[in-house]
């Protein structure tokens, strides 16, 4: 079983709302980071006046603030180079901000210890813009990784992986090496891996860049289902067709700053 | 328990995916162990040969008159004052004459009319084994020349020096080869680690991003390193033993006066070498992935 | 002309981008050259030592009567019939007696009353240099014992055998180390090529897709291999010379009867080694990228 | 100067039409593959009944035929996995068809010798779906590669690379290593490299997958300019916004076959 760090349990988003599928699984895996009393009234992801400068002097984000509530789905748009990926990387602790505060599940990410960062990442499913899939592993193996990392039993892994691959129409390719797929298929593998674990937080970076509108719809359907199951979802995209007409919040980055 | 099964499954899968690298690593380990223990074995045997060589080393002090038995302890003491020695033998004129007669063999009848007084008496001194260097021997010989009545000090200068020279050359050859091989082995090992890391790079990066615990990442690699260490070093040691048997076979023969009785490592030493290699293999795999263990 | 400039520019840029790999490759080349030429040098010197050793090897045939000068050609012929020899010296009783007197040194007055007739006459035979093996020597000695009037044939059996034994051991050590080092060097070179290919993989792939001509792709790599060959092998040879100088310095001394006059390669041999290394380096780079040269 | 193979010159597309910029440059570089008399009336890219099966039994294309005239711009659409990239790879000789004929500039690609394939590729600018840029080389070095391969003089390379980077708003990043850019910026590098040489044939595979609509417009503007300069252009895309309302031909692949 996963180690518990710091004693502050990270309550699964899944059991906050009714109708969450597979609550039992979630209860076993997810830990409670936030204390009971302010879990509901504080944002799940809180970015406060964050500045990120890449060496030597490339300002990717400047004084950016963003609050995402638990269970919210939000779209992050902006031109190429605006800083969308950088913001997602900061939230998942892949990069460190030069200034400002980033809180996830009520904890300051700058102060997390190694084990706590690992625990936090286990709760985050990220679909990377460059996919980061293993070309020589099969599709199944790629998608199963986040569950294997949590030592889930094989039967459960199989079930869940098949389910998510089916939802993305990738089940017929599951035993092929991921490197032999078309780019759009690889992108779906990356999305499936981010979603397979029903994580509390999903960060999707340009998830439909290589997908046609039909498949994009499937992807959005998957995300919507997960969101209804309690997951908080942040989607960075330039594809207006996937957020036009939704009731969800859309924020726009421009040259490292949010525009109203 | 179920976690260990998880890790073993993982290791097994890795093995299937990267058996090329695995075999290469195995060869590297075997070869490294072979090379290291080969030079260790040679070094050990040279030391032993040196011992046996000095066994046979004697200095002969020719005297102008025999040492009467009462005087012997005094001279013994005088010699011992300069240096501890292995053995001191006093050879009288008569004993020397007998030796000469034997040396002439059939022709010894030429000595029939002569008495032992034609031969000089002598003292034979066997230095201690640790008196290795020729310069020390020379010094000792000079000292012995100052004994009362000493005419001349002789030792197999010719052959001793020649042999000493040769031994020195061999020692240096072995040392230099050893240094070169250590460097080559070092390169080999570091290259293997680099190639392994290149191969695993993407996977370790992704595991890190998925929040895999350190034990999840390290255990399969440890098992892998352990297995490679065990198989590789045992193989290397077995190869060395085969080589040794071959060499010993070639060197045996009508071995009267054989200087080199080759010996292999004791089982204990062999085990120690294998254990150290195993430890280094597992340590190496850990070092190779340590940079992925930071967050 | 302008193309060559293009290629040189290219090579220079590569150098800046991958100096880590370059330096590693340079070390590998140097070390390989060092190792190979080191063992070649040792082998050459062992051969030379063997020669010098057999220079000093003599068989002495003790006779029961002197060989009169008229008979000498006949015996000479008889010996030559069995085997070509370097030299044959007839030692009369008188000469033997003189030698014995000298050997006794100060004490030679004990011989004053004796005549040369106490000493046996002898024939000293120096075998040819190529008579290397002890078994051959033994056979020859057995033959000499059948000469008319031969009493006994003597050679420094004791030391000769011992020395032969030792030489054999050294030869085998050198051969085995050589084999191991060749394997280690082979590994090193192939690892270096693999690492270089891994590093250049993406670039060569893209050049291929852009339709770069073979000469565009190969020339910078050839220049690179050429430079690495030149610098690396020269460095290796220089290192070996430094080692040699150090070793020769340590081995020199009061060198009467020195068996090992170390010699270095002739400049011609050294150049040949360097040239071969350069050829192998450039050849190696070509082989490494050959698979990208297909379409 | 480039070697001439087979004696059949490959006439630059650029000087076929009036108004081609930099005709002098084109004359020096491009070779004539087609004989004079039938250059105008035969298609520039002719795919006839081509089948491509990936081992063991993945049928990517089945009996596909497509003719593209010299100077045409054509859009290739279809769902993810339909076979768009495969078709482009076949045209650029990266893959070989299992059945069928592929002619480019009037020559059967199956019969080209090594030197001729190299020559053909020098005439094709391909923007790969996975970019294939060198992360440690600078943006400038990446974009300059196709011209360096042709031994163009440094001054000319500089001019042309700057021009195309400016057109894609990437000139301020030109001395950064390409690996440090955002994905959208990397995609623009890949497009710039495909266009820098003003090749006779441009194959763009999903060129706007990581780009917002503003930059996509810039990309299409660049392609249109090149097309007007005489380049034949095939764009594989799922982004309907870039081909909706154009007068250019749009073909649709579905499960390895063209639909009417």
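The first chain written gets the first letter, and so on, giving A, B, C and D; residue counts start at 1 in each chain.
In this text, contacts are C-beta pairs under 8 Å (C-beta built on N, C-alpha and C of every residue); 3 or more make two chains touch, one makes a residue touch a chain.
Given the structure is predicted, the values throughout are model-derived calculations rather than measurements.
When chain pairs are compared by contacting C-beta pairs, B-C ranks highest.
With respect to chain A, maximal separation of chain centres occurs for C (centres as means of Cα atoms).
Remark: chain A and chain D have CA centroids separated by 35 Å (rounded to whole angstrom). With centres set at the average Cα position, the gap from chain A to chain B is 62 Å.
With centres taken as mean Cα positions, chain C sits 23 Å from chain B.
Chain B and chain D have centres, each the mean of its CA atoms, that are 68 Å apart. Among all residues of chain D, none touch two or more other chains.
Shown for chain C are the residues that touch two or more other chains, of which there are none. Because contacts link each chain to exactly two others and close back on themselves, their graph is best described as a ring. Touching chain pairs in this entry, ordered by label, are A-B, A-D, B-C, C-D.
Here chain C touches chain D in the complex through residues 2-3, 6, 10, 13, 17, 202-203, 205-207, 209-214, 216, 294-295, going by the rule given at the top. Across the complex, chain C meets chain B through its residues 27-28, 31, 34-35, 38-39, 42, 62, 104-107, 110-111, 114, 117-120, 151-152, 158-159, 161-163, 165-166, 168-170, 172-174, 176-177, 180-181, 183-185, 187-188, 191-192, 194-195, 198, 243, 247, 250-251, 253, 256-260.
Against chain B, in their complex, chain A makes its touches with residues 2-3, 92-94, 114-115, 117-124, 126, 132, 134, 136-137, 141, 145-146, 148-149, 151, 153. If you check the complex, the residues on chain D that touch chain A are 54, 58, 77-81, 85, 129-130, 176, 180-185, 187-188, 206, 209-215, 238, 240.
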